[in-house]
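Listed below are the structures to be examined.
Below are two complexes that have chain A in common, paired first with chain B and then with chain C.
And now, the complex of A and B:
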């Protein structure tokens, strides 16, 4: 009983020190269902940032671009390049999907790291990057799954399912398993990276708030940017893979 | 065991929330965990267990003491359980995010990807046209130059042809005139020759007569007495 109390006390103290609100969500009731309100709020902010900046900059395109227009043109070229490399010649219709994936994840991750969300006190839980929630990442991964299935089916029709027995029918269970591991790995890769980075930064800030967290914050910015690129590139790669012809 | 504590403490916590909180009377340091009852409440709203609550005061008191102790004992594991539960907490947020993403995709496509993409492609095409246009005009210039040279050659050829023709004409005229002159001269020559011959014959004739006269004289002289 004593030992139990002691261990309980240490756990409590550690909990107090870190004051991390991991897994604490602000719940709203919609109909008979719950939602994580903090995820929705931050996702609205991200969507607002994306749409407003796009509208403001792309209003009057000049032949010699302004600074903002040049930046957005660079981003569009980059996204087109990623799509073209992964998908091939018919990459045109998929640019919006891959681009929105990249932009949404990138701006979510960087907003979670850069914007001062702590200013807004929620009654429960806290605001952070919307991608630190398993719901967001699984939603994006499922959308990617749907996208590559749709790509394959719309291009090849029912012959798409022939790819399960390529190159040999022995690999059929592995190919079926791939359809589950692809979204799983996509979602957990993003979720783990973003959540872990947030946790590390919060713990470091609460322990040594002055200089030590800064390199970790920069690392966080770098890796979260890379994760956005990886997610978008893999999504494009899966789409390209389903659409490609015979080997 | 943690689950049992959780289950029991959930039912007990409902009682503790109905009665004034026994926390201050406890000796264990749970005064810092003011947040904990809040933490547990939202989840409890979902659970809404229908466990009958004993109504007598005594049982209430003992139950509240039990509640406090279990609160003190259980919180970290409870907290850990709650955190774990809430980390992989799938709910309506998932489809809402999917819908938000699809709407964002359509909106960005209409506002950003399509207009800017079209603008960039048109600009590329215009630049490429201009570049290839520049190359074409240099070819045109070459063609024009060749044409000019050809025209010059033709002109020169014309000129020389005209010159030659003129030369020939004048030569023909000259020759004609020469021929005419020659003819005249020849005619005159012949006339002259004819007249000369005539004169010659006349002189010969005259000479003949003179010769005969002379010869008669000679004979006369030679043969004086004949």
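And now, the complex of A and C:
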């Protein structure tokens, strides 16, 4: 009886150690809420990277730019170009929003792929890109929803709701459905891409640790960059679409 | 049996689940692959990125130089235009001064002319007045003579008889004869 109990215990312990835990997150208790601590920690790191690099580089702006200033100006021109293409003439106020989306998602994706997060071990869960959590991507997508609603309402007032019956009133249910599918698709596209790439890399590493995961990691870098660009471009496109057609 | 499994567990260096710490298993934390990926990224990315940024910097420098040159050109043109303006202004001043002296001279000439014409007219007026005066005096003399002659003729006709008439005629003949002798 004792021997059976011992073996069951050891098997349980072995099972605990050799499992690849996916989905078990580190929770912190804040008041009545449980927050996902590892996502918060990695988000803070991403925010710190962005802010510190921006502050360091743009501290002393010169007319003839230094390397870092040149790079940041290039990124800003790129984001402005994306906003201008998608939104049109009044793209000015929306550049910060689109830029934040793009930079946060890009840096968080690439930091998840490039930084050695697994060195730091947490009691539950593990550190990875903050966008591999559905909460983060849904938050970003809902922000985009709020943004394009705000854009449409502030430009057209209540006549914005006239767009629901725009080509023909028969399409009214489809237009209403669009307001739900837009944030849904944005969030799931980003979440799925990032989580899937991470999982593939983790699984390959646990199978063949040395050389085989490398092409997949490159693929992951490429697609995560593209996903950031897609998210930002779609956000700008939704904003532009809700602001257009103003006579 | 428990001891065997316990020692087996101690060999694998897993930290107990449930605490923070560092994972030193290099196969799980993937540093080799990460460093390879980072290395390749930096190696290729640096070339591309510095090319892009250099292009941008050169474009900025060229734009700055262009605008500087344009500014220089514009300043030069401004200077030239100002110099021309100054020259034209002095010429205009000169013209103005000349013009004023011309006007003064013309004025003086005109005044002189008017004065001479005025004098001439004065002379004419005076002459005409004198002429008229003379004419009226002559007319008056003529009238007076006519009156006197008529008076004399009347007196003569009234107190002339044959004797007086004969004496006058013989006196006139004697006068004519003396005049003819003198000639």
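Keep this in mind: the second predicted complex is superposed on the first by the 226 of 247 C-alpha atoms of A that agree within 3 Å, B and C clash if a C-alpha of one lies under 4 Å from a C-alpha of the other, contacts with A are read in each partner's own complex, and residues count from 1 in each chain.
Just so we're on the same page, a contact is a pair of C-beta atoms (placed from the backbone, for glycine too) under 8 Å apart; a residue touches a chain by one contact, two chains touch by 3 or more.
Just so you know, these numbers come straight off a predicted model, no measurement behind them.
With both structures placed on the common chain, the touch criterion links A:70 to chain C but leaves chain B unconnected. Of the two partner chains, chain C is the only one touched by A:209; chain B is not. Of the two partner chains placed around the shared chain by superposition, chain C is the only one that A:217 touches, whereas chain B remains out of contact. By the touch criterion defined above, A:47 reaches chain B but does not reach chain C. Between chain B and chain C, B contacts the larger number of chain A residues.
In the superposed model, A:170 makes contact with neither chain B nor chain C.
Applying the stated contact rule after C-alpha superposition, one finds that A:158 touches neither chain B nor chain C. Contact with chain C, but none with chain B, is seen for A:121 once the two complexes are overlaid on the shared chain.
On chain A, the surface touched by chain B in one complex and the surface touched by chain C in the other have residues 16, 63, 73, 124 in common. Chain C makes touch with chain A in their complex at residues 1-2, 5, 9, 12, 14-15, 17-24, 27-34, 36-38, 40-41, 49, 52-53, 56-57, 60-61, 64. Contact residues on chain B toward chain A in their complex (touch as defined above): 28-29, 32-33, 38-39, 42, 46, 72-73, 75-77, 79-80, 82-98, 100-102, 104-109, 111-117, 119-120, 123. By the touch criterion stated above, chain A contacts chain C in their complex at residues 3, 6-7, 10, 13, 16-17, 63-65, 67, 70-71, 73-74, 113-114, 116, 118-124, 201, 205-206, 209-211, 213-214, 217-218, 221. By the touch criterion stated above, chain A contacts chain B in their complex at residues 4-5, 8-9, 11-12, 15-16, 22-25, 27, 30-31, 33-36, 39-40, 43-44, 47, 50-51, 54-55, 58, 61, 63, 69, 72-73, 76-77, 80, 95-97, 99-100, 103-104, 124, 130, 133-136, 138-140, 142-143.
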